[in-house]
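Got a structure here, written out as structure tokens. Questions coming.
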Amino acid sequence: MLRRAARDIRAGMTVNLGIGLPTQVLQYVPAGLAVCLHSENGIAGVGPVLDRVHADRNLIDAGGAYVSALPGTAYFDSAVSFAIVRSGRLDLTLLGAFEVAANGDLANWIIPGHLTPGAGGAIELAQKARKVAVITTHTDKHGRPKIVAHCTLPLTAPGCVQRIFTDMAVCDVTPDGLRLSELAEGVTVAQVIAATGAPLIVPQAPLPRF
Amino acid sequence: MLRRAARDIRAGMTVNLGIGLPTQVLQYVPAGLAVCLHSENGIAGVGPVLDRVHADRNLIDAGGAYVSALPGTAYFDSAVSFAIVRSGRLDLTLLGAFEVAANGDLANWIIPGHLTPGAGGAIELAQKARKVAVITTHTDKHGRPKIVAHCTLPLTAPGCVQRIFTDMAVCDVTPDGLRLSELAEGVTVAQVIAATGAPLIVPQAPLPRF
Amino acid sequence: MPLPDKTCGIAEAIARILDGARIMLGGFGVPGTPFCLIRELVRQGQKGLTIIKNDANETGMGVDWLLENGQVARLITSHIGLNPRAMQMMNDGKISVEFVPQGILAERIRCAGAGMLGFVSDIGIGTLMAEGKPTVRVGDRSGILETALGADFALVHAARADTFGNLRYAASARNFNPLIAMAARHTIAEAETMLPPGGIAPDDVHTPGPFVDQVVLLPELPEVYGVVER
Amino acid sequence: MPLPDKTCGIAEAIARILDGARIMLGGFGVPGTPFCLIRELVRQGQKGLTIIKNDANETGMGVDWLLENGQVARLITSHIGLNPRAMQMMNDGKISVEFVPQGILAERIRCAGAGMLGFVSDIGIGTLMAEGKPTVRVGDRSGILETALGADFALVHAARADTFGNLRYAASARNFNPLIAMAARHTIAEAETMLPPGGIAPDDVHTPGPFVDQVVLLPELPEVYGVVER
């Protein structure tokens, strides 16, 4: 799923990767691909993560990892950083999800059963990136679908998600509903349908594998 | 009048001087006084005007004069520049006037009988500096008072002016009306009253001379 | 991971602009005005433009070329007092002019660049500038609604650029340039010097690359950029 | 004409703060957090504070010292997920917490710093974040009113300062610092290095001196500023 999601990161894009699975996608992006990684705390052109020994105490990404600069990196304040987000300069954001609904509703900021720790920058990323994709396991650790007909948790943003990458499939939010677009190697359509909490549109033609 | 106005520029102040008479006040400010001159086009710490030979093509003040940098000068964009103005960081602005009324109303942006060329930054300076002072000849070139009971021209900002420096007097806008506070050398109270288009409060005590 | 290369020829960059476009121009007087981009726009001759710029330059410079060539339909500006042609054309109804207080112009542009709809300010209350603008109550205060001012294109003048579009301005040539770079759907920067990525240290960038779509290197600086002899 | 000297001792600077003050703190995680100014605030013990900061730091750091010392009445922040004490105190009703989306927090602070009353955005429409906020019509669109967020004091951490208060930040330690410096009635900056006027080139200034009221030189950087071992 990480490798598949990485294929949607194209040359020339400005991209923001959420904490967790989204950040792990990076290892599958070709080293030579010209991409600008954005971090909410004020970096365009985020470079590789550094270990503690080589870390710069002043240079972390929004997830708190010590990162590095690249030739061409720029730093800026938090207002400029979110101006980039809200004015539509983010071509793509990859986010995690607690729940994502068939209509693209996303819930990823209030942990079920816990008090909220606050949404940080998630709301603006979800609402304003030109393309919002979610990367998540298809079901939670209890085997319950994370893709649902309607979100039960408070929304991060309504109708924002266009694509969902999971360990089982790639699904796209369409005006007609959620479409099964690609299948992971070794996974059947029936398995995906069974693991999904929302109706799926399954095309007639054979699905691409990843 | 320039010398008198200069005395109101005190150590530690951030000051914006309008084009014309206000800028000429500078020559009477003691060289050692610690003052920060602000220019709307994005300078804090404006240094002396340079001649064409020594000019930096990229460094003008808001009036178009080629100026210089001082140790500690900073450049910034136009939004930051007016953030300084609107958030109350300007301790003093000295402006020119077409008309100034007894209640502090200022008209200095529409030239009488002409189409407006636009107000530039005058509205924000007049409305937001902590202290707004006008420096002007007491009468216009036809001998008509520039200090009036009510402005007839469109206002730059209502009730903004606190002090008026003229070639004849210093007048202060008070809750009770316009007060004659100081007299120029060789000028009588009667002369000032005759040249002023608004009632003047004249204190009993002898007035300071400048 | 290299950063994208956005270098571009001047003709190609300006050719994206169509008749009727809304164009923001950097500059406060001469410093920061993208004269070469404007000259190319004059050469290509796009018509019916809305120009958004602090001022209308002076006779024989920048915006004046566009006015002379009949390319401007509308001007949104803070003052045009140094350009008699602009005053005359406004007077004759040949262009429409919207005046905005300078700092409000800057904020309206930045507001669009920050992806917001508008802001509430108290600037101009009690003057002509507030007439016709909606009033908005904010807590126990009352202000006037200023709308975000965006554009199709921003033409920016930078002292230095890298190939990714990170920009640096010189002295008072910064002025509106960083703001318009944020506020347009497509931002074209001309640069006096083009550096490889890393040529501008990350802490020294004035306009970050993500705001810039194309960067054009100026081969040689025409005289119009120089000190004005008045 | 020299520029004013704003250097000041740390105790004197913080002593201006009274009980019940609204205080903005720079920092996103460790970088940019003014730990020494916060530690002095803990030493002096002002109570009933409203703290405005992106996050609540982590256990044993910055905001956590103020929470532990019972000095905080209210927290306005974008998230506190890394500070269990803040979560617990919120849960127990010992502090009140207002959550603001990160970029909206940044803009509300900047909005106050720009001397405006509020702004209109579409962020959070259709979520809990929009609940209770007035709707404002802007042209043919509709947004929610966000109010300017100012403060009595801003405590800023800078990498370098000059004696006039021009500031420069290092890397991602910039974050909220330039914004809070604009938005408070009184801004106190701590600096790792203090330079004479001119020590920061005019084009290299991140926060211009007029926004800064006092600058404090840090004699030696305590360990808390270092790389976090997790």
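By letter and in written order, the chains are A, B, C and D; residue numbering begins at 1 in each of them.
Here, a contact is a pair of C-beta atoms (placed from the backbone, for glycine too) under 8 Å apart; a residue touches a chain by one contact, two chains touch by 3 or more.
Please read all numbers here as calculations on a predicted model, not as lab measurements.
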Shortest path length from subunit A to subunit B (each step joins two touching chains): 2
Furthest chain, CA centroid comparison against subunit D: B
Centre-to-centre distance between subunit C and subunit B (centres being mean Cα positions), rounded to whole Å: 29
Rounded Å distance, subunit C centre to subunit D centre (Cα mean): 32
Whole-Å separation of chain centres (CA-atom averages), subunit A against subunit C: 35
Residue list for subunit C, restricted to those that touch at least two other chains: 107, 110, 114-116, 121-122, 169-171, 174, 202-203
Per-residue overlap in subunit A, given as positions that touch at least 2 other chains: 43, 69, 75-76, 79, 82-83, 85-86, 128
Category of the chain touch graph - line, ring, star, complete, other: other
Pairs of chains found to touch, sorted by chain label: A-C, A-D, B-C, B-D, C-D
Residue ranges of subunit D in contact with subunit C within the complex: 107, 111, 114-122, 134, 136-139, 141, 143, 145, 147-148, 168-171, 174, 202-204, 206
Contact footprint of subunit B on subunit D as seen in their complex: 1-5, 110, 112-116, 162-164, 166, 182-183, 196-198, 200, 202-203, 205, 208-211
Of subunit B, residues touching subunit D in the complex: 11-12, 14, 29, 31-38, 43-45, 47, 69-76, 79-80, 82-89, 128
Residue ranges of subunit A in contact with subunit D within the complex: 39-43, 52, 55-62, 64, 66, 69, 75-79, 81-83, 85-86, 115-124, 127-128, 154-159
List of subunit C residues in touch with subunit B within their complex: 28-32, 54-55, 77-82, 87, 90-91, 97, 99, 101-107, 109-110, 121-124, 126-129, 159, 169-179, 225-229
